[in-house]
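Starting off with a structure, shown below.
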Amino acid sequence: MYLQKLRDEKPLIHCITNIVVANFQANGLLALGASPVMADAVEEAADMAAVSSAVVLNIGTLKAVSVEAMCLAGERAAANGIPIILDPVGAGATSFRKAAVLSILEKVPVSLIRCNAGELAAIAGIDWQAKGVDAGDGEADLEQLALEVATRYSCLVAVTGVEDLVTDGKRVVRIAGGHSLMTRVTGVGCLLSAVVAAFVAVADDHKLEAAENALAIYKRAGEQAAALSTGPGDFAVNLLNALYAITEEDLL
Amino acid sequence: MYLQKLRDEKPLIHCITNIVVANFQANGLLALGASPVMADAVEEAADMAAVSSAVVLNIGTLKAVSVEAMCLAGERAAANGIPIILDPVGAGATSFRKAAVLSILEKVPVSLIRCNAGELAAIAGIDWQAKGVDAGDGEADLEQLALEVATRYSCLVAVTGVEDLVTDGKRVVRIAGGHSLMTRVTGVGCLLSAVVAAFVAVADDHKLEAAENALAIYKRAGEQAAALSTGPGDFAVNLLNALYAITEEDLL
Amino acid sequence: MYLQKLRDEKPLIHCITNIVVANFQANGLLALGASPVMADAVEEAADMAAVSSAVVLNIGTLKAVSVEAMCLAGERAAANGIPIILDPVGAGATSFRKAAVLSILEKVPVSLIRCNAGELAAIAGIDWQAKGVDAGDGEADLEQLALEVATRYSCLVAVTGVEDLVTDGKRVVRIAGGHSLMTRVTGVGCLLSAVVAAFVAVADDHKLEAAENALAIYKRAGEQAAALSTGPGDFAVNLLNALYAITEEDLL
């Protein structure tokens, strides 16, 4: 639904992101048809947000000064009605990350949180055996947690994994598909957050539908890439190619 | 002309660059036959510049402290007669970037500016609809602007796009070729700046000829890579392979 | 010996690393079967180290604040009996790097130094013509230097190049193999340091054997990747695939 619109409008996606995935995220957005800009300096974060169509806040290699830049960008984006996507990478891994995420959520009206199960648990404040930036293991009703977090912060919550789930606090949509190689390439989740941002950027008030569309397209692209790949090396390459070539028809 | 000399001398190219393209830039220089070193700390920027054969200043994810490091590296390079290449990434995107670029140009005797049309317009001080770090759209006589900027800063100016143009303020050389996939991979322009630096590093006083040679080699490598690629994912891989294998004969 | 154990235990490897190789290092660890986390903020470096199975300190794009983060992470790791791997990238290139490496070695009980010949010479304090972050040229008895450095810092020293060498200050093991394309991709050495960390992480007191195993596996993966590659572009991709697929049987 929104893929062609994205390619026509080429939304500028402003990412404040980490040193590990910045290249992959930019390349994924370019491949898909969006226009990435990475700018994380406090000196320009707000100005760059003001001219963008969506802002992505990714805490992957967070420093105290990055939190400041994220809040500046987020506040300006909010003042301009620009959607803000939060990727709370490894939110449960250290107390610094958890405090930063909660601080951002307090100061910035985030439009959508894209996270894995462990990160959702950290935001919801429940116990979870996270492992670094991976999802980790835990027992919880993810749907219930997602609904609570969506309601608490008045935003969409997309929890991704073997099965994705996205909710606005009332409706819950589930998306199946994807491939296990998606867990063997760094930044596949981070890029997904940016892809969701690009879809939401062109969706006006239909943010839930746009997010669902983005998640489905991404899982399908992952399947297409995996079918051509022998390992994580060429899978990453093929995923970019798939994002470039995929059409809505590929979802049928 | 200069490609074999570059491969024989393996010039050390000191890049102060951004978190998005640092890996691709280093890999492109290595593939071509140059020796990259990325060092952006104020503590060592000048010392690293002093032992290098060319310095690349790239403002892609600029912070105030990076401007300081760039000026330190640039001043030391200038004192040692080492060429300095400036890549004013997204110069028109925010007032911080524009001010930083103009400040660097004031303090450092840059040898060559490698930019796109929108960045040139920003440096020249004319109106232009830049979009993040992309060239954007505008109406201007690029050749006239390039001549003016080259004269104003006593340097070479290389404006790249569908057709490249390089000038020393008097002569203007145009280079055709390349492929549209070069706009779908992040850092293709940034890598080009580093490639130009590696050619200029081995060219003594023939900097204009070396830059022209670099631009032509790069466009041809882009064509060779595109002929083997199905999308931006494998194009980036094939571009590195092409830079590794290309010879002067491939220009004939 | 340790490869299957690594894949079973999926050790969390905490890397404080540089902007050039962070992505490649994380992808290499993931491909191999380990779990990478990159966290270089002083605010969380110690906490992340405390929950990891090994810590990698890589000075590739060092800043003064990174040295602080490395010391915090190293001290916490040491207090918890977690192995610490130091990669003194370009240690001889500037006096800042050399001082930083010596300062880290003084404050942190490093378990293993993974370096090239020029970096070893810098740590040992002898003259060497290093070139940026490359090994450079020099005349020295590398084995003697490695033995001295291992004894001085009570750690393992792995010097890699055409032939690798690893020592605990008494025994010396040499590993042949590999391929010249490994010198044409940035971060191949940095990734190796992380791979060694992942092997050491699961080896308890058999660190020398684990390091030897890691070096041999890596050289073999390099050969396997090179056999499928036409240049450095696809070699990097194929190296990740090889790390994913390689088994102990491939060493026979």
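By letter and in written order, the chains are A, B and C; residue numbering begins at 1 in each of them.
We adopt the following convention: a contact is a pair of C-beta atoms (placed from the backbone, for glycine too) under 8 Å apart; a residue touches a chain by one contact, two chains touch by 3 or more.
Note that the coordinates shown come from a computational prediction; the quantities given were computed from them, not determined experimentally.
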item: Rotational angle, Cα trace of subunit B fitted to subunit C, multiple of 5°; value: 120
item: Homomeric contact subunit A-subunit B: same or different residue positions, threshold half; value: different
item: Centre-to-centre distance between subunit B and subunit A (centres being mean Cα positions), rounded to whole Å; value: 32
item: Numbers and ranges of subunit B residues touching at least 2 other chains; value: 19, 23, 236-237
item: Complex interface listing, subunit C residues touching subunit A; value: 10, 12, 14, 19, 22-23, 26-27, 30-31, 35-44, 47-48, 51-52, 236-242, 244-245
item: Subunit C partner contacts - residues on subunit A that touch it in the complex; value: 18-21, 23-24, 60-64, 90, 93-97, 131-134, 184-187, 230-234, 236-237
